[in-house]
Amino acid sequence: MDLKMSAEELNAFMHEAFAQAARDFTVEHASMRDITVRLHVDERHLRPGETVSGPAIFALADVAVYLSVLAMIGPEALAVTTSASIDFMRKPAAGVDLIAKAKLLKLGKKLAVGDVLIYSQGRSEPVARASLTYSIPPQRS
Amino acid sequence: MDLKMSAEELNAFMHEAFAQAARDFTVEHASMRDITVRLHVDERHLRPGETVSGPAIFALADVAVYLSVLAMIGPEALAVTTSASIDFMRKPAAGVDLIAKAKLLKLGKKLAVGDVLIYSQGRSEPVARASLTYSIPPQRS
Amino acid sequence: MDLKMSAEELNAFMHEAFAQAARDFTVEHASMRDITVRLHVDERHLRPGETVSGPAIFALADVAVYLSVLAMIGPEALAVTTSASIDFMRKPAAGVDLIAKAKLLKLGKKLAVGDVLIYSQGRSEPVARASLTYSIPPQRS
Amino acid sequence: MDLKMSAEELNAFMHEAFAQAARDFTVEHASMRDITVRLHVDERHLRPGETVSGPAIFALADVAVYLSVLAMIGPEALAVTTSASIDFMRKPAAGVDLIAKAKLLKLGKKLAVGDVLIYSQGRSEPVARASLTYSIPPQRS
């Protein structure tokens, strides 16, 4: 299997299909092995105490695994999240972006499953981990 | 055990502590048994196809269980989400608010666990379910 | 939709298809709304400290939601668990059986999702909660 | 931080504390980075169709992350599983053991979180993934 979309193509797709999200997220790297997505942390992602909110971290996890599915199956696909589990493990560092590193563990005909670790930029211990499952729509031919 | 905060007190607390979130959410009902929270669905919660985004649904689940913890332990507490699992089961109906019904399953010294079902207003089949765990800070005296 | 299998039919099915499991579990009640399954707690389910092991609790959650799917779609189906999340909230009481109360939240063409609470017999506070997703095989006609 | 228990010490601990489990599992490797645990697949772990049962896979995930906590904090600890999420992604291969590769993502004062991938021996694509959280008892001194 080949990568169907590069990092640039994934960013272009986000700009077209999810203009709002494209402001927040940049794909920095995409390969067969993994994908790296940055959350440009902004005031609207913060909770009191200068910490990034849980839902903003969830959104980063979701977009990172979603894009790692699209990288493999191409932009035409209408994958939807069916389930997610997330562990919030450390408080994000103040004033830096969050970096998600996702990888696909399964790409089946009906379901795709991916795993993601999220880091404060420049730190080696993860802020959060998540696993997400997507339902893959039937292939058009 | 008694309810430490009413629906009104929870709404007032949100306005003070999370001004941004208070725009989005209203506690409609709070009792020892359960709590009902409304997400005022707005353009910024939507994805293409007029559907409410996964992260917005996650945020509603998180705030609903968080507030059900506060209802029991009071506003001074600094509970943080440590883990969550969520299942997205149906597409939200277009043009209506989302309603979360949460209940606490455990309120321990260190951890609280709650469950939540999320509905499109007026529908009987849930859009999503989630379970969340919060770490409870040591009691001040 | 009608219930396709009664409690008796579910127990008979377990005896035929999963002879080993049938020693451990009994369906006590099955309706459109929910299903009740008992784990006959035995020495082989225990951990040091007379507590029921996590995997035995997981097995009870899994079988209870699985049977609630079969109750709706009938015995011919080859549903497989695709994901599960479980929270262990209290230590099971010593020397009593565990009772699972499960309900289906979604029964789609491809996926079914159910929720389950597990109690030590005679207690009102749950030992554990779990949610499970099953992949439904394509319908034969 | 140093490894407090080697693979041999973890196996010896299992034999003493969980004689029943020690029949099923062997720690094959333990380091600061990760731990490898084998499930000796036996008839009692199987479901019809020669496949390893979900609860047996869950038990392997649980023991692997549990032992990776003990490797770091030592045998005196009474850690208990508080939550778990698991994705069953592929049918295990018939007639071979299962191999779990677990790593700790967080070792806090109150909670430890670990991740595990499970493989059929000799295969490169995982059968399952899981994440587990353990409550760490207060340190004796």
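General remarks:
Order as written gives the chain letters A, B, C and D; numbering starts at 1 within each chain.
Simple rule for what comes next: a contact is a pair of C-beta atoms (placed from the backbone, for glycine too) under 8 Å apart; a residue touches a chain by one contact, two chains touch by 3 or more.
As the structure is a prediction and not an experimental result, all values here were calculated from the model.
Among the pairs B-C and C-D, the greater number of C-beta contacts is found at C-D.
Note on A-D: across the candidates B-C, A-B or B-D, the interface recurring with over half of the contact pairs conserved by residue number is B-C. Distance between chain centres (mean CA atoms), chain A to chain C: 33 Å.
Chain centres here are Cα means. That of chain B falls 28 Å from that of chain C.
Chain C and chain D have Cα centroids lying 24 Å from one another.
Those residues of chain B in touch with two or more other chains are numbered 82-83, 85, 87, 89, 133. Against chain B, in their complex, chain C makes its touches with residues 85, 87, 89-90, 105-106, 108, 113, 115, 117, 125-126, 129, 131, 133. Against chain A, in their complex, chain B makes its touches with residues 17-18, 20, 44, 47-48, 53-56, 58-59, 62, 80-89.
Contact residues of chain B toward chain D in the complex are 82-83, 85, 110-111, 133, 135.
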